[in-house]
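Per-chain numbering from 1; labels A, B, C and D assigned in written order.
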């Protein structure tokens, strides 16, 4: 079936802006006609380098262009609320990078707003779109895990390991590592298991209480390569490490760790599930490998292979077994699902929405509150 | 720097056609304006599904379109020679899937032809474009391996494991598995080490001497999913397994195995190098992991990370450490290098050319000859 | 130097009794002259099968034999206190399986008692004797980890996965999984890092609140093979799963999970350490592999190799690199260290003593208290 | 059942002598009453260190001691024939380290001699006794592999990587690496599959054509630690690297590599089998892990677990799942099987005998002949 072309704009020229751009281009019927940055110069540079027809610092101007149907919001967190609100007001479908907003109240407002408009909305928890994440969820739904008993895991990185590592994210709010990557893990856990985190006991920790902020701005992760020369020593309040134990609504017990200071762990999104029938474990650093644990038979290692996936979710794997699919492919898959619903407003919503974004703001608030009070805290419903 | 838009056409609507299409779209300045298939219907279906403006079965017509600068030849092997020849005659830059041609003579003709025209030409050994493949090559060039002593490996798959597995490739020539995937491995070995295979002793083997050919056509790999109902039993002469020992020009000794019948091996392109300073090993099923072997220190596992790559080849990794890059990304990277030279005919040729395609035809001929005579055979220079 | 022969007795004919027996026999100068069981028949059967000269149910009789210098206490936990006390009173050196005793008070009594006698005493935390555990500790002591920031891990098994799985350990006290295997992990963490766990927040959980107890007795782990036919359904109070977050005295933050119901995890003693210089990770299921994590260089995988170990601890590895050493070898190494000090009472005490056994009773008490009160609890000093 | 005590002697005080000593001591009813070395001093030092009652350089004297029932021959290869012959003549059961002898003729003589005496005889291919090796063989015998199609592998080490690495083995015959470790691999392949290697095409290679021989003697592997100070430069003819392709009697095709110069490979005995039903792969560096490859289901990783082994071979695993068993345990298991047949001359011979030792001499001769002639050579029957 031939798809109608869809024109979109991307706000944000950081690495997420670029990854979103490539992702939608792979779909074939979605065209990024405008790129928006905080300055005309930055926008133009991006447009020239990546071949976007129009560059601007005036996002309101773009919102007023009726030819544009959707907006990708790939900017620092504190701008999400305003830009998403404006985009919805302009009648645009919206893709927003996580976290959806800075507070639960903002998140609730956006959820209501989006619902009222009837526009497609996505909070971009891309990890959901790894083929093996979908596969694990299918297995759970088919009862292959049995009753969920326990889950464990970590989201560990090392790109903030040195006190000379810096990024805009460090300045960006009360919580950093948990907001930034911990929320990915919690969304993943709830998405795969179909159960919600009910109560948490957290211990947030700031290893580097001061950091050396460079005088120029630094792209996420880029600090590893381009070493800045001049610094300002600044105090840091937000955590770069967190431990969490939790209980889920069904009674399952969980543990997880979030770290951006763990030398050698590059982007280890690791999750283990144990149920009354078997176990499962997956690590985003080797996303094509799925471990399935058995008590009375050999364990399994499933190399991602569409022929062994539930037909209902087979479309999340584009390549045959052994042909690895990576981080960027999750962006393609998420975008593919999103634009399916833009094409056909009756299509199934098979991607994370603002509701999911709001959900993780609530988990995050409980985590912060628990760490501050050193007590178990229930997640608000 | 702003890049001039480049219009191209793709011949072939199989899975390679689709992978090429996605790859070039990610570049941002290369536009696939036409898709060509063996029938108008097939072309149209592809165009509708993947959003290509023009669909046709008339490739000569496309070649006569002066707006089109490059052609991607993604069709069965026996058509390569004619289509590449015609494309060169039409003044098009050419990307050809491997193998370049059916015979050494054809390959030599194409190399001469391309050289005479001065057009950009690429024989698409995509495996070269994995970040860690480039990294291994850089390490070798920097002397980190020392003198190459030995190399080993395999290219093993299982998608022709059953005698009911079928694909057009089975019919397509004197050698199958070696021509199809063994040539990838040999190109990889020569590319990384900078040394040529000088002589070979091979043992080609056909496990399934008859296969059940379905009455309908089957996409590569697709047999795992769509089980055909009606078969014709046909004799098969080309090998589905091969063993090889070889010597390289520098005196290094090598071994490798090619298999399409090894249950559980999905796309295992595994290569190990051992030199006078250290060893290296890499497996395309987990392409982000590179093993480095040491005698007097701990071994290393390098997770792909641009910050630890030679700056000269850092552009082959688009994502930070731990953010996996996969099979499809090698197509993007290869295409990126190719179109750099289309943009700027003075740019460095940092991709496999027809010369490399011809080279592997020569290796293949020696392998076939060796297996037939059960003797060591020198590779023609 | 020639070693004087040493005669010893082992109390306990379970699998630990047998593992201790083999271990001391490998030393060459330690002879097990008596085996003691709860019945003469059990003792005799063991003696016949494993070649021990004397079998008895009368352990007091053995204690009165002046030729016997040391006793190995390998019996259910609740018997430890009495048998160790009696052995010390009889002037025997004592090796006691963990846990040292049932309460902190008992533990303190044993520590004082042993100190007063001046006899060699060992609480058998065998995990300390893996070559790579010693190696990690050496690296930490040499400053190679830098300041310890965080540690994570698990001790997970699946041999109590089914509600039909049974063992005497299930009946044996307030805590089961944590007492049994969690204490191994905590001892390991404190041993490697040289820091103590200062405060804990724990969540103990009993997945199977009733279990089907067989009418006959079952050796640890043996339930997987010999399926009993008749059961009594009994309520179970002790945990089979536990989550823990903790802080160490130096300010490091930790997380760990204990499980005996995790399908597919056979004996996963996994520990990860992250410090200001690098990270380390080790898993007892593959004890010869040590992961070392780096921020700015490739990670390392060290295959156990005496030539790469600190000479001071090289004796903990008996075989060259790649020649795997296993679970049983840790018993040999621990026993070797113990009997060195029996031979030479001035030799360095390079094994876990009753002091270490007492220490883990204190950690355990804090864990139980924390889980009961759902609050952070300090570990008593 | 109570076992009669058996007295034995060990000839050889190298590391194999020590490993054999520990192994037999673990059995409980086998006592090493004498150790024999090339000098009284060496023998006495070993006896003192490891607690052997009697030390001597006079092996004939020991052979004349009627109390001694069995001899372990753990000396350099060229002494095997004479010492085994003398031991058989003295009516002793014999355990001989591989290779059995220096020539096929010697091997045939020993096989006939042993058969004529009716004495128990063992050529110590210890690798057969890894639990997973037995498990693979059981799976093959049960038809779980299907028809064997292909096998691949390597035996790679790095302890002769430097030209300053030295050992008596380097001087010891026409072939070195293949004789020493390649024969282990070939025995393993034939043992697991139940098929014989029928013809070979080999390429032996000597990377270091001269080596620096220290003036003092060096224990196997020990060169990594104790660096000698004075050398003599000596030419080396025997290979340190070998490639092999082969065919088995059933038509299966194989490849393997032997190396003692591969940096980072410590003792990689790796074998992969592919059959008409599935594949299997195993690596002695992680002996508790068995990979099972499937075409239409997830692959498997079986952690060694007696409860999942064929009851007939379960006795080869002494510990529960996840409790690793290592290199030394294969010596215990092989010795256990051997002494079962010494105890009971009607017991099943479940260990490698002189017949197996002879077999590998024949394979070795074909390998050497093939490499010399650069041609395929049939293995003599």
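Note that in this section a residue touches a chain if its C-beta (ideal position, glycine included) is under 8 Å from a C-beta of that chain, and two chains touch if they have at least 3 such contacts.
Everything numeric in this text was worked out from a predicted model, so none of it was measured.
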item: Third chains touching both chain B and chain A; value: C, D
item: Greatest separation from chain D - chain, by CA centre; value: A
item: Whole-Å separation of chain centres (CA-atom averages), chain B against chain D; value: 42
item: Centre-to-centre distance between chain D and chain C (centres being mean Cα positions), rounded to whole Å; value: 34
item: Distance between the centres, which are taken as Cα means, of chain D and chain A, whole angstrom; value: 53
item: Junction residues of chain D - those touching two or more other chains; value: 158, 224, 265, 291-292, 296, 299, 303, 307
item: Chain A contact footprint on chain D (complex, rising order); value: 290-292, 296-303, 307-308
item: Residues of chain C defined as touching chain A within the complex; value: 149-150, 152, 154, 158, 161-162, 201, 203, 205, 207, 224, 241, 243-245, 247, 253-257, 259, 261-265, 272, 274-275, 277-279, 291-296, 299, 374-376
item: Chain D residues within the chain C interface of the complex; value: 1-3, 5, 19, 21-22, 25-29, 48-52, 157-159, 220-221, 224-225, 265-268, 284-289, 303, 305-307, 314, 318-329
